[in-house]
Amino acid sequence: MNKHIAAYGEIMMRLTVPDNMLLRQADTLNYSFTGTGVNVTGLLSQFGYQTSLISSVPDNSIGTTSISAIRRLGINSDYILKRHNNLGMYFLEEGYGNRPSNVTYTNRKESSFNTVELSQYKIDNILEDIDVLHICGISLAMNEMMRQNILELVKAAKQNNVLVVFDCNFRPSLWGDNGNEKAKPYYETILQEADIVLMNEKDAIYTLGIGSDKETKEEQLEEVLPIVSKKYNIPIIAGTKRIIKDNSHNVLKGYLFKNNKIYYSKNYEVTILDRIGTGDAYTCGIIHGELSDMKPQEIVEFSTASCSFAHTISGDTPLFSADDIIKVMSNEINDIER
Amino acid sequence: MNKHIAAYGEIMMRLTVPDNMLLRQADTLNYSFTGTGVNVTGLLSQFGYQTSLISSVPDNSIGTTSISAIRRLGINSDYILKRHNNLGMYFLEEGYGNRPSNVTYTNRKESSFNTVELSQYKIDNILEDIDVLHICGISLAMNEMMRQNILELVKAAKQNNVLVVFDCNFRPSLWGDNGNEKAKPYYETILQEADIVLMNEKDAIYTLGIGSDKETKEEQLEEVLPIVSKKYNIPIIAGTKRIIKDNSHNVLKGYLFKNNKIYYSKNYEVTILDRIGTGDAYTCGIIHGELSDMKPQEIVEFSTASCSFAHTISGDTPLFSADDIIKVMSNEINDIER
Amino acid sequence: MNKHIAAYGEIMMRLTVPDNMLLRQADTLNYSFTGTGVNVTGLLSQFGYQTSLISSVPDNSIGTTSISAIRRLGINSDYILKRHNNLGMYFLEEGYGNRPSNVTYTNRKESSFNTVELSQYKIDNILEDIDVLHICGISLAMNEMMRQNILELVKAAKQNNVLVVFDCNFRPSLWGDNGNEKAKPYYETILQEADIVLMNEKDAIYTLGIGSDKETKEEQLEEVLPIVSKKYNIPIIAGTKRIIKDNSHNVLKGYLFKNNKIYYSKNYEVTILDRIGTGDAYTCGIIHGELSDMKPQEIVEFSTASCSFAHTISGDTPLFSADDIIKVMSNEINDIER
Amino acid sequence: MNKHIAAYGEIMMRLTVPDNMLLRQADTLNYSFTGTGVNVTGLLSQFGYQTSLISSVPDNSIGTTSISAIRRLGINSDYILKRHNNLGMYFLEEGYGNRPSNVTYTNRKESSFNTVELSQYKIDNILEDIDVLHICGISLAMNEMMRQNILELVKAAKQNNVLVVFDCNFRPSLWGDNGNEKAKPYYETILQEADIVLMNEKDAIYTLGIGSDKETKEEQLEEVLPIVSKKYNIPIIAGTKRIIKDNSHNVLKGYLFKNNKIYYSKNYEVTILDRIGTGDAYTCGIIHGELSDMKPQEIVEFSTASCSFAHTISGDTPLFSADDIIKVMSNEINDIER
Amino acid sequence: MNKHIAAYGEIMMRLTVPDNMLLRQADTLNYSFTGTGVNVTGLLSQFGYQTSLISSVPDNSIGTTSISAIRRLGINSDYILKRHNNLGMYFLEEGYGNRPSNVTYTNRKESSFNTVELSQYKIDNILEDIDVLHICGISLAMNEMMRQNILELVKAAKQNNVLVVFDCNFRPSLWGDNGNEKAKPYYETILQEADIVLMNEKDAIYTLGIGSDKETKEEQLEEVLPIVSKKYNIPIIAGTKRIIKDNSHNVLKGYLFKNNKIYYSKNYEVTILDRIGTGDAYTCGIIHGELSDMKPQEIVEFSTASCSFAHTISGDTPLFSADDIIKVMSNEINDIER
Amino acid sequence: MNKHIAAYGEIMMRLTVPDNMLLRQADTLNYSFTGTGVNVTGLLSQFGYQTSLISSVPDNSIGTTSISAIRRLGINSDYILKRHNNLGMYFLEEGYGNRPSNVTYTNRKESSFNTVELSQYKIDNILEDIDVLHICGISLAMNEMMRQNILELVKAAKQNNVLVVFDCNFRPSLWGDNGNEKAKPYYETILQEADIVLMNEKDAIYTLGIGSDKETKEEQLEEVLPIVSKKYNIPIIAGTKRIIKDNSHNVLKGYLFKNNKIYYSKNYEVTILDRIGTGDAYTCGIIHGELSDMKPQEIVEFSTASCSFAHTISGDTPLFSADDIIKVMSNEINDIER
């Protein structure tokens, strides 16, 4: 378990209104530091891997605090730069029952991470140190410089025989009009380099333009994933299907396409303490499954259990061990552990 | 949407024990300012109306704080007097599962609002400014002066062509022995002036003495509402039926009697964050529905959705927009909004 | 209701991580003082009994605080000694959904209570004052001195015609290897003196070695309880059966063996605010039922309702009156009480 | 040290705005239970005395909570009745620098304590149990029934050879116009029965009408105390002089008139954490000094040190031992105690 | 006192780390809404004036919350627009002893207020409603559009006979290199229109380039203020001199130049609870003094007392009445007010 | 600045009662992780050094949390073991004015760190990695195994040319009767190996038995330090002198003996936010001064300023940069930094 996994990703400050209140009702906020890359490397460090974040934070007390927070999660901070003045932030008003959670972003596009060129990182040295690189599609939506940063980084990673994990994470609101069209060439380039891809049927149909006349999500997946895998030469594609009963109860089912076959997990009913970041726990399951040579069915089961358990942890970043997940997979719910 | 809606009602301080604890377990309290009139005008101001409260608070730091709180909710404070030393208060121990919430009042009958004569307000000027007046039946239970204040105010309102909304809100514990008998003449006088009345079958049967030999709540409503409407000449009567599964889960169904016909909403399952004040969100739905010329079925659906959504907001006073309610009516439950 | 009930038991400090967080996520803890004896005497004092704790706490500010806390619960502190420096503590990370609660103990075996010989208490005087003595089996697992303390105390109690209530509470993790074997002689001696015993089928089968070839819990109980009762001459044996749906929802059923017959309560569905200490509310129900001459079926119903209601109270120690339980037994769930 | 000291006094709820904020800025309150009698018996219980409160609280969850709080302080609650619905409350906005603290009362005159006749307490039994009775002059300002309660109680105490301690505590705002005149006859009657009186020069000059043409507080005391002591036959009169530098720094000097001589303490500079209730710590010093046969100079020094130390304890009720005070008297300020 | 005073100014969110901690130590923040214009209109509303803010906030839940907060302070929100997505924010780590407070801004230049053209406000209507307009020099440092907004607004105000109050508030860090040079023409234009100017000797010497060879602050003021007043035709110039003993104790002295004469207040020693925004309390004193026809010496005394008292109030915005200030001026420090 | 500094020391959990309350008044605690070694390596990591802790924590959630906390401070956790079940803890009731802070320890001697033999650490590898080793004398008081651990470690360090820093930190209460006598041989052995020693005159006189007939602390230091330095061959001895005005105000003066000469800093007046751990900030100053080749007078000034500034930081562990200290040394106190 001495693999070294790094994520190139933004650190954001999450400012959560306590006790399910609205921002206009409260006067305190709980803050933590998060982001897809933070969540993935944070959880993988619990699984026993060496992990690092390749990122940039402002050179002020907010930046210092974010680095402390990353280190507290067990992530190595050696590749983090301190540049400029801004960190991306979001305010979270947590939903309840039939009231959805509400996220309000501050001006994220001017953040330190999104305004630093790749050349400022010592990428060559970093790629020599690491075994796996995680990339998140949200960053592609930021600006042209970020898109070039990522394309360049992915290519360099492949040349260094670093395993590339790509989470599509297409966010329509960030790309604006004709977003799928704008995004397609970048996504296609990255997919061709990626070894593990997190993708759902909408990514395939809308962003990549793979047609489907099926109706259910599962039928669509079964139609498009083989095509995507073949076209872009992707060994592993995975994702989850979520049924929302209300903002406190969801049902999850994971899927994994590998060796030209699709595997499904059983259904997991989840009682939700904190919804955000749970997808990243799924990604970690896939990475850990692959690196530890689990069989496909075991991987998809482990990953969905990981995603399911992440709903019971406060904050974006999942905090538990692989052993905790195995208990969940066994479907036994235990009384107090003492 | 430039209608001006005022409520004549008491501002109370709510002191809530945090984290579902009992008063004897805790040492902090969360406080806010509330009351039927506060809740109704507070939510209607979110719907876009100009709203005001006609009330009186003590001339000390508690009174100043209550006015700040009212203004924070978007309510106009120009008609609020500062008199005497006391504000009504209640302590709330929030229930859980099969433990009901417990409310403990302090000596409310000596509050500023309940000891100020109507003549101290500039009622003539106020009635010229406003379009709708909301009155709550709880105030009738306070003392004879308050009963006279209300009768006088309702008559003056009608003379000024102000629409009168009356919420029966009969509280047996406040009226004491033979409460229905004592209350009846006052209720009858007000009902004759009211344009919109919030009433349930018990108000009709016990307070007004309209006999019914039906057994279910719906049958009783269908028997007594036409009689009440005709006898007191009330164009619109509305209310809700609530099934209590436990203190966290209820089922709601609204009803509206108009044009000699009763309309029902569909059933709404609610997961409860805060139960108190949700009835006032129903009232707001009725008022907004009438003022914006919705059809009866749409009004009862909108009002019940409003009531349902109010259960997911912390505190007595509902805080959401008409658009939020329309999303709830559509029955779609959304994932995080970002 | 002037019976005086004392428990010989440890006071522990419970340090709870707030808001369902993990210890590593938080920076504040809520603390309270608890223990089986505390919970039992605390609740019985709400039922109207005079209650006392026979215990020892450190002679420092932690000890002083624990005594204040005991008194706050209505328990008499006259029999509590101040000796040595340590109080047993446990950290509680409260579970959520499919994540179980996690308890971490500090070095409890060196606590004041577990290192004070019985001779330091004025046992003769105490036994003259009291009518009922409660003993908890957890203390037997601590060390040999504690085992001797308990055996000696139980014998003295019987000589003084004090009713002895014994809660088996066998904790395998505290006894270590061959725990049942080690524990058996102590348990057998105490059972012979006890008037009321809290015991489940595992205690009978594994600790006492009463064989059973039945499969379900109920069948096993029905087989072993008559044998145990007869062998050790125990008038009353009682306990609960718990089905864990998830960490927020359980189903409870109580049983009571008396007069050579087993009585069951109906099933109680519980929504859990705080799981710990709820078994002690069951014990209190049995004690109160016996002391107030309820019939067996009524006792088991009352006790299970008490246990059920205890799940809705924050903290280990149940806080409610016998009247509150009677409302729960009636199965009516009430709206706000005001 | 087995003397039993009881106070006849009101329990009030103190609701403190946290962090030196104004009520209008905050949304939480810290609450505790206090009153002159609570403070005096609470501190004397730390000194090792048996103490009780003779009082009445409402028969609801506020009353139950107040009794728990009293017990937590080490005070016996056996003489406390549960009657009516109200408890006196005050809101405290703590001052800072040149901003004074602000106290806002709710309707205290309708409180349980102030509306219960003395005949409802089992006074005869109580007076047999106790050695010292503490009475506070604030209660005299409440209503005629309270004045009669106190006169009657003081007389009965003397007949039972109970030592009577009377704290004048004249509050002009509560007596209204011609307050001194109205109060005089009641004060005079009580003074004739009292053994220890807490009084300042204003009480003597304005309430009792003892003329003085001196200018400084000390000169006035030296003139009037001998007269008062002689006229009303009071063995011991004591009090403090306070110089207010700002709301965080005061200077204190205690005085004690005994055996026809006035004794002064040295000056104590105090840094203030919580100002309220510090006078009651002075009273406790006097009572403890008398009961433990200290010499007059020692008593006044001990009492002023006690008063001084009370300024460093959060909340109204002083919490420390006689040993802590002796360290303060020695004027050594210690570094961390570990 | 029916004058209507408006400020054209930015609303910022202040995020304060609690309990004097550093951001990296904590996990909660207290938030409030502030800004020079907010503070000035907020305090003037306590003095009894009608006040409004001319501003723009984002059209999301942060914007809604900021408007609620403004209304809570008693300020009219009718002139506030909802545009774009960002609100200026700053994080505050409060200093202690010899550690200074530390302010970290987020990207303020992209805030709603700083990116909305003046033409979007209904300036003509607003200027008809108001009597006094307050402008803050910080806004001049934002961007060229803001500078044009202000110049245009000031001219329009003068044409409408609105009294213009200008607070120089030159912030070198915001103007960058050659800041004084860049700022000078804008400051000169505004000064020619202003009726009341808040200015210190550095503004005159460095920004306006008025030479002085004096050494002490007072000598420099006495040299440059007459020149500035004459050159730009400014009737009233005022400000404060602050001596910093440590971050908890300052000494203040106010000055006022009027009728060709300089007036000084006495020295005020302040114990600091919250330093930020205290200068705005000085401004309010000057405005109120002028509008209520105080004499110059009285104005400068009142204003400095106002500034001094503001240091004892938590948060940026001062909250007290003119009567509170008059008590401070009298130099009496009172014990608890009850 | 690439030196690697490690401390062999215990991690303790500090549980602080908030808001200057006593444990018996509160119900929440703030917790953090601390210890001499933690504080020293934590602050040196802010100064830019690579730092590590050589320690052992329990293999449970408390241990995991303590490692997270260490990493959050910037300290490397690679040398930390997870063994056994206990972590040393202390409860802190913070003093105020003339009330001293009170520390209550739990059973520390059974902690993980104090029960793990040195052989379990990979000491050979560690000593190859590091340049400086910090040892604290408190650990010597724990048990014989710990004393052997330290002696062995110090010798191995010298053999690896690692600079040894030894803080005497003699705690009489931990050594018990004849503590100085018992401790002397261990202290003497370590002093002979140490390069930098933190020591005061009492260590020299009482533990080492160096006689002195001087009276003032400074005279004693000047007499004994040359003797100690010569006898044990210690190049550098340093410490501080503290005058306690009250628990909020101290005066500090540092001293440094080097090259046979004693250097004193100027006096620093400190306003205290948190007293604990400030001595460790002095140690860091000495280490940093030596490693960065400052002159002796500069070292003692820098170190005392560091110690002084540490009093303004909440928690045990100082958090600031070398630049912050240089500002303090310049004696300028700045207004808000923004």
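For clarity, chains are labelled A, B, C, D, E and F in written order, and residue numbers in each chain start from 1.
Note that a residue touches a chain if its C-beta (ideal position, glycine included) is under 8 Å from a C-beta of that chain, and two chains touch if they have at least 3 such contacts.
Being a predicted model, the structure only gives us computed values, none of them experimental.
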Chain labels contacting chain A and also chain D: B, C, E, F
Pair from C-F, D-E or B-E with over half of its contact pairs in common with A-C: D-E
Fraction-based call for chain E against chain D, same above half, different below: different
Chain A and chain B: spacing of chain centres that average the CA atoms, whole Å: 46
Multi-chain contact residues (two or more partners), chain A: 18, 22, 24, 27, 68, 72, 102, 105
Touch list for chain B against partner chain E, complex: 68-69, 71-74
Interfacial residue positions of chain C with respect to chain F in the complex: 15, 18, 22-24, 27-32, 60-62, 64-65, 68, 85-87, 89, 91, 93, 102, 104-107, 110
Footprint of chain F on chain E - complex, ascending: 19-22, 24-25, 90, 95-103, 105, 173, 242, 244-248, 275-276
Contacting residues of chain E [partner chain D, same complex]: 18, 72, 270-273, 308-309, 311-315, 319, 328, 333-338
